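Next up: some structures, all given as structure tokens.
Look at the two complexes coming up: chain A is in both, with chain B in one and chain C in the other.
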Partner chain A sequence: MPKLLVIEDGTEYFEFAQAFLRPSFTILQAQSGRDALALLATEEITALLIDLRFDRARPEQLLGDVQQTAAQLFCQDTFRATRYLQDQQGVFILAAARSCGHAQRAVFVHDFPARRLENLRKLYGSVEAVPTFDAPAILRCLQSQVTK
Partner chain B sequence: MSRATKTQQLLATLVHDVGKYVARTARNLGDAPITPLAAPVLQMLLDDCFGSATTLRPSLRFAELCRQLAAVNPDVDLSAVATGLSELDSLESLIRADNAPAVARAVALAKQIEADLRAHLTRQTLPRLTTKKKP
Partner chain C sequence: MGLAPAVNRATYKTPLDVLLPTIGARSVGLLLVVLLVAGLQLTGCGNRLGPSTPAGPDAQWTRAQAAARAPELSAGYFEWRALDPQSGAGRDAQARLVQAEEHYQHALQLLQKGQPGTRETLLRGKALAPMNPALFLPLARALHAQENDFLAMQFYRSYLRSLPDSVDAVVAAQELKALESELTALSPDSMVTASLPRTPWWRTAAAGLIGIALFLGLALLLRNRFFWQRGISLAQVALQSPELQPALAYLIGTLRHELLKHRIGAASQLVRSMASQKHSPSEEQRRFLHQRLFGGTPLAQAWKEHLQGFSRALGAGHQLVRSDADFAAANRAVTSLVRSENPLLRGQSGVLLTIAKAEQALLVFDERLAALVTQLQRTVLDAPLLHEAIAAVRSETAASQVLLEELLLLPPPERIEVAVCQTDLLLVIKNLLRNAITAVGKSPLPHRIAIDVVLQLLPTGEELVRLRVHDTAESVLSLEQLTERSALGQRGLDLVRTTLRLYGGALALDAGLPGYTKCVVAQLFRVLAAEAATSADSQAEKNVDA
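Then we have the complex of A and B:
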């Protein structure tokens, strides 16, 4: 059975996957980037379902350096830097996974503008986005990876 | 930041925070959901429609974002969405009891709320994409 790793700061994606994607996948869950990388290192994961925003995560749970981000992008404003890391955490996690050699298809449930999605694909390879919790559409994205 | 950009940002937040999550379960149950729902699915529908220990009730988040939107752009009329959320709130006790007609109505309302919010965002975005500068 293919394994789907759900990465999010809450439980909404996991519940959704358990209810509507489980016949096709065994569902695993990680609630931080570090947990996700640990699971990717030890499990044969087929595909990733990633939440973009981690607005309930504490700063120490986030991948990315708050101080460095504040210095580089926000004139030393650590509040805005933390907010930025939370808002984009799914992409930071994907980047970390790719840098560790994990090339599985990643699916976001997010309404990315076309140009942003194109850039994500250039940077991180197999990336798809579905704007809503549409189980058949998400399954199509995930299963096209499984059947490849 | 321009008024149009701020309006788009707030509508995109409404679509994400309210529309996407209120319809998380509903959009996967079909137009005539089979009741009684399985207990985990009913709990998901309740969390989507009325909030949970870790998520805000959609009608409250909607009201919060509407206040911000009204301060930026009072011309955006989200009264149909407000009415839908209000009706959803009024059905809470029936949905918690897995009353079949109430569940069916909640499913329809949740999907309509998401669709309405997306339509507002699209309307707000399209003119900018199609406007060309005159020579």
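Then we have the complex of A and C:
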């Protein structure tokens, strides 16, 4: 059975996947970017379901360079940079996964503006977004990857 | 004891006096407890099983569930415990008792710590399974510790009635007796009332509660149905007070993300699909739905906190549920959802449709908020705006005295919108330009300045708008001057930094275009078109290829 890796800082996505996607996938969970990369290295993952915001993650758990982000975007303000990394952590994890050669389809539950989704696809290849926890729509996105 | 202690103890309360503050103060949740205990008093129901009649496990389970529907917290407890744990119903009952016990213990802890949420937690437990009556005793003691002596007595009585032969029964009876005699002796009018025929306390309490409930119901009805037209809507506030727009945008974003996406949106599709299923949803699906909607901070409290955030931003007394039709409708939907919690846990038929209706109303609310956000603080950063800033600065006395060989304006490559009030954006541009002109004026020739706007794609897929002001001044601007509150003479930069920060942006320093010595950059995140992203595969492939 194809394996779906759920990446989030809580358990909501995992519970959702267990309740509604399990018939089609074996569900695995990672609660940090590092855990996700470890699982990607050891398991044959078919697709990724990623939370964008990691509000509950501790700064040391975040992927991304705080100092560099602070210098580039926030006038050296590391507090704002940390918050930014939390708010966008899902994409930073995806970037790290791609840089390690993991090209699986990634699905976000987020209402990205169309232009931003275009940008994400330019940067990271197969990326989908579903605005709400719409189980059939998420399943369609994930399964189209499986059938390819 | 005589009357003297009553004079010394200012905190004395008659039973009704105890009850009323309980309704109004932090332990509002205990109102439920009163009702549940009152239910016991009114019905006189016990919860011990009589000699059980022989019946099949299914019939026993049906009876046990029926018993648990009585209002008292522990109603049906012994019937549930008596079910054969080897049977399917018995296993289910045991599992729910264990699950409910966690809620009851948590409620007890909240009560002991004087924290809010007791009512909701007890409700969650009650919706799952009856409470072990042994918990009446610690609850009674916790209430006594909180000086809710009136309620404490009722819990002591419930405990003794339910478990008269328990090990702690003797101690509980002594504690109850002490409490009763203390309250009786402390009553300032006990000497008078003792000789008068007494109205049972529960009648007084029930009458008071009914009166309060009627009053509150009427007030809510009037407020929600008729009075929301008063005041002005959020959209009007935003229009009339642009200075509030950053705060409103933030509050709307938080409300949409935390409540409308992660709670309501997370459940909406599930509710619809579950409501349309021919067969009943699985226990796992129901539990997930319940957890999404009602887990964590109680829904009513979460909603209230968001409303309070808006009230703080808009000014004390501004109640959006009264002044804004969309918020009023959302408020009704949230109330409807809150009322659906217990029926959902019980698997009551029809509740999914009620939840689906409320969810739909909240999704409409979300769409309206999203539409409102797109109207907030949007400014197009284009050539006319830059020309306006240049003209304004060049008309100033100091800046007009600097002879510039060139002031080059390179317009943005495409239409760019930023989430900044236009007045503030002009303030930023004018300050940067003024600083540049002043600096080149103090430097030897050439005196050249250029302004351009470039876009930078970030790893997050967002786009950074970089408004750059290049100059040929000799003076070097340090990073510290950009990042720290500066001394006299740098107030313009302070203002720019603060303004940009307000809108999520920042100041930066760059090398500048060829032929210029440096450039100061105002960075802001680009507002991307608001239309929802599609997930069509063909679109994805097209973009990837591109």
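Just so it is clear, the second predicted complex is superposed on the first by the 148 of 148 C-alpha atoms of A that agree within 3 Å, B and C clash if a C-alpha of one lies under 4 Å from a C-alpha of the other, contacts with A are read in each partner's own complex, and residues count from 1 in each chain.
Methods note: a contact is a pair of C-beta atoms (placed from the backbone, for glycine too) under 8 Å apart; a residue touches a chain by one contact, two chains touch by 3 or more.
Just so it is clear, the model here is predicted, and its values are computed rather than measured.
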| item | value |
| --- | --- |
| Partners on chain A (chain B, chain C) - clash or fit | clash |
| Dominant contact partner of chain A by residue count, chain C or chain B | C |
| Partner chain in contact with A:120 - chain B first, chain C second, else both or neither | second |
| Touched partner set for A:58, first chain B, second chain C, both or neither | neither |
| First, second, both or neither for A:20, with chain B first and chain C second | both |
| Which of chain B and chain C A:111 touches, first, second, both or neither | both |
| Chain B versus chain C as contact partner of A:135, first or second or both or neither | both |
| Chain B versus chain C as contact partner of A:12, first or second or both or neither | both |
| Shared contact residues on chain A - chain B and chain C | 12, 15-16, 18-20, 53, 111, 131-135 |
| Complex interface listing, chain A residues touching chain C | 12, 15-16, 18-20, 53, 72-77, 88, 91-92, 95, 111-123, 125-137, 140-141, 144 |
| Residue numbers on chain C that touch chain A, as the complex places them | 257, 261-262, 265-270, 273, 282, 284-285, 288, 291-292, 370, 457-464, 479, 482-483, 497, 501, 506-508, 523, 528-535, 537, 540, 543-544, 546 |
| Interfacial residue positions of chain A with respect to chain B in the complex | 10-12, 15-16, 18-20, 53, 56, 109-111, 131-135 |
| Partner chain A, residues of chain B touching it in the complex | 12, 15-16, 20-21, 23-25, 27-28, 40-41, 44, 47, 54-55, 114 |
